[in-house]
Amino acid sequence: MSSHVYKMLELTGSSPTGIEDAVNKAIAKASETVRNLQWFEVVETRGHIQDGKVAHWQVTVKAGFTLE
Amino acid sequence: MSSHVYKMLELTGSSPTGIEDAVNKAIAKASETVRNLQWFEVVETRGHIQDGKVAHWQVTVKAGFTLE
Amino acid sequence: MSSHVYKMLELTGSSPTGIEDAVNKAIAKASETVRNLQWFEVVETRGHIQDGKVAHWQVTVKAGFTLE
Amino acid sequence: MSSHVYKMLELTGSSPTGIEDAVNKAIAKASETVRNLQWFEVVETRGHIQDGKVAHWQVTVKAGFTLE
Amino acid sequence: MSSHVYKMLELTGSSPTGIEDAVNKAIAKASETVRNLQWFEVVETRGHIQDGKVAHWQVTVKAGFTLE
Amino acid sequence: MSSHVYKMLELTGSSPTGIEDAVNKAIAKASETVRNLQWFEVVETRGHIQDGKVAHWQVTVKAGFTLE
Amino acid sequence: MSSHVYKMLELTGSSPTGIEDAVNKAIAKASETVRNLQWFEVVETRGHIQDGKVAHWQVTVKAGFTLE
Amino acid sequence: MSSHVYKMLELTGSSPTGIEDAVNKAIAKASETVRNLQWFEVVETRGHIQDGKVAHWQVTVKAGFTLE
Amino acid sequence: MSSHVYKMLELTGSSPTGIEDAVNKAIAKASETVRNLQWFEVVETRGHIQDGKVAHWQVTVKAGFTLE
Amino acid sequence: MSSHVYKMLELTGSSPTGIEDAVNKAIAKASETVRNLQWFEVVETRGHIQDGKVAHWQVTVKAGFTLE
Amino acid sequence: MSSHVYKMLELTGSSPTGIEDAVNKAIAKASETVRNLQWFEVVETRGHIQDGKVAHWQVTVKAGFTLE
Amino acid sequence: MSSHVYKMLELTGSSPTGIEDAVNKAIAKASETVRNLQWFEVVETRGHIQDGKVAHWQVTVKAGFTLE
């Protein structure tokens, strides 16, 4: 990790299942166009409610990738 | 979401299973008396430990509902 | 909880599975040497990405135990 | 302000016009059922975008009233 | 603390004497109408000054009670 | 809002008029190249002073758009 | 902005009209005795409520000026 | 509180007795040269330890006074 | 304080009396095994409620001692 | 700085030497593709340790540039 | 540090060289008019960029001095 | 970094020279008794002033090591 420079993206993924799935969806989508995503940090966990149940989890992450 | 006013509740749900289940329990309980819960935000994730294992997850959320 | 004094540890557990498993691994490891762990609070959720997927969840908790 | 006890509500008002109008709408709505609202603090300013313009401002306030 | 759901109130008590008294006044007042208050957390300590002395302490707490 | 992934931009707009105008300028400029901006959150409000008056308001927002 | 040293003041202005006016009042007042005020940052937006309406906006800013 | 402008001071008082006494000492000292101190907010509570006991409480407050 | 290295502990003391007593209990207990505790900072003030009164104050401090 | 709109990037630079060098490496790398970088703010300072010494400083900055 | 009262100043120093030099410039300037500056805390590290390099570091500190 | 558990220490190092040297002194001292220190994060930068100059930098870090 010595001499690289990294750039951070902030992404929000959503999932009807849970937090881990929402994070994976955000990272999978960003990986279509950004190579070298290397780590992430969860910065916010929110969601929508319908009929007294969580309908979607919405999780915001910062993800870092190597600037080449 | 244009012309409504929303009120936020702060709730803590607990679950032996995990974070998502604790949130759903808090929202299900509040929905017994509050209609129109529409979204939530996780503000704290804590828990109790027994015999070196997580015994209960305790997750605090802010949840918003429409003031009618 | 009346007259005790507690000490907090800050620990990071990691897991390929998810947040709950990472927390449990941190607490199980600490329990090998510290008795009386009683509660925890999640303070940071991060992770590593490989090939566009979360490879490991890394969850940092503060955990409190009774000073005897 | 000496010997009273106050309770805080957290409210979100929205307005197509701006921040002040969104706050006033939240307070006017809450005043229909809560007497003695006395002060507020802005805790979050968000909004929705349509066609490259702010469509609605959504401002969240904490408002305090006297418990009688 | 296993399977309950809790709701938090945010309250401000005031006292000419000090912080502990202001907290107790807030909790005593809220207990007139809310059963089952179980814990609190101090979130803000302010006060008024008259003639170069603290005239009133104003302490804001979040207090949690069991939703039945 | 179910199955989308969003990306956040952080932008600063400035205006001699006020906060709302500075936000609108930031969003209008970003909309020239980014489609689907959907919401924003104000993260900082600053400004420059000349001759004892606010010369420019500088408002920083995070704005989210759909990743297609 | 190279070799100067700046000092920050923290000021609260109030206005029945809105946030921008409250900031301008604070800066105009401070400019009577402090030359060279150069920038500000909003740190808190509060207000008083009367009869279900905002009676006064109270906005706290940090303002910086050149130490000569 | 309508049309005034306030200036905030940040002060640290210390006391061998406790938090309230440390705040009062800070405010009494500042009142020797600043008229019209009107309110305060506690921003930090620290202290020194000697021989396993608190030797001095050091409490930092922001205090506001009217700019005339 | 020149060339030393300090280590911080995080401790929670509890007391039926008040904040100062809870801090002193935490520091007294830690001093049984750690020499050279030199300063502390209050990081959280919570408590338990029974019958509409504060039953125990629980105050969390960070305390620093010299690494020898 | 009147009528421009700025966009912020979040970057992490690393250096075996120190904080300033890590910031300069991040900014130099970003300047290869982004013109008009104008200011930055340090948001996090971390690093890696090897053999009881800092092996690399990793400093994260937000940097703003003019949107043309 | 027992019975004194301290007042905090907030200052920003700038330097083309680095963080330590910017802090020293702020403290040297303030010492021309304020005696008894005793400690400081870094609260913000920013800077200006020219031609892809840091042109000036701007470091904001809170500095405390004894009120006599 | 897959299946390990880490423990964080919080340390304050001091140096008359600067921030990097204060961090290195804290880490060198802790490495005398703790093996496997792997990373750190700066959490606070303070210092003492004498005769209008920084006499000592005091930098607090969290440092993580592998629990074996």
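Just so it is clear, A, B, C, D, E, F, G, H, I, J, K and L label the chains in written order, and each chain counts residues from 1 on its own.
One rule holds in what follows: contacts are C-beta pairs under 8 Å (C-beta built on N, C-alpha and C of every residue); 3 or more make two chains touch, one makes a residue touch a chain.
Just so it is clear, the structure is predicted and the values come from calculations on it, not from any experiment.
Q: Out of curiosity, which chains are bumping into both chain F and chain K?
A: Under the touch definition, chain F and chain K have G, J as mutual neighbours.
Q: Please pick, from K-L, I-L or A-F, the pair whose interface repeats that of J-L, with more than half of the contact pairs identical by residue number.
A: K-L
Q: What rotation angle, rounded to the nearest 5 degrees, superposes the C-alpha atoms of chain D onto those of its identical copy chain K?
A: 120
Q: How many angstrom between the C-alpha centroids of chain H and chain E?
A: So the centre of chain E lies 22 Å away from the centre of chain H.
Q: What's the distance between the Cα centroids of chain H and chain L, rounded to whole Å?
A: From the centre of chain H to the centre of chain L is 31 Å.
Q: Using mean CA coordinates as chain centres, what's the chain B-chain G distance in Å?
A: 38
Q: Where in chain J do residues touch two or more other chains at once?
A: Within chain J, the residues that touch at least two other chains are 10, 19, 48.
Q: Pairwise, which chains touch?
A: A-B, A-C, A-F, A-J, B-C, B-D, B-E, C-I, C-L, D-E, D-F, D-G, E-H, E-I, F-G, F-J, G-H, G-K, H-I, H-K, I-L, J-K, J-L, K-L
Q: Provide the residue numbers of chain C that touch chain B in the complex, in ascending order.
A: 19-20, 23-24, 27-28, 31, 37-42, 63
Q: Residue numbers of chain L touching chain I in their complex, please.
A: Residue list for chain L touching chain I: 9-14, 16, 25-26, 29-30, 48, 55-56, 58, 60.
Q: Across the complex, what residues on chain I touch chain E?
A: Within the complex, chain I touches chain E at residues 18-19, 44-49, 51-54, 57.
Q: Which residues of chain K touch chain H in their complex?
A: 1-8, 10, 62, 64, 67
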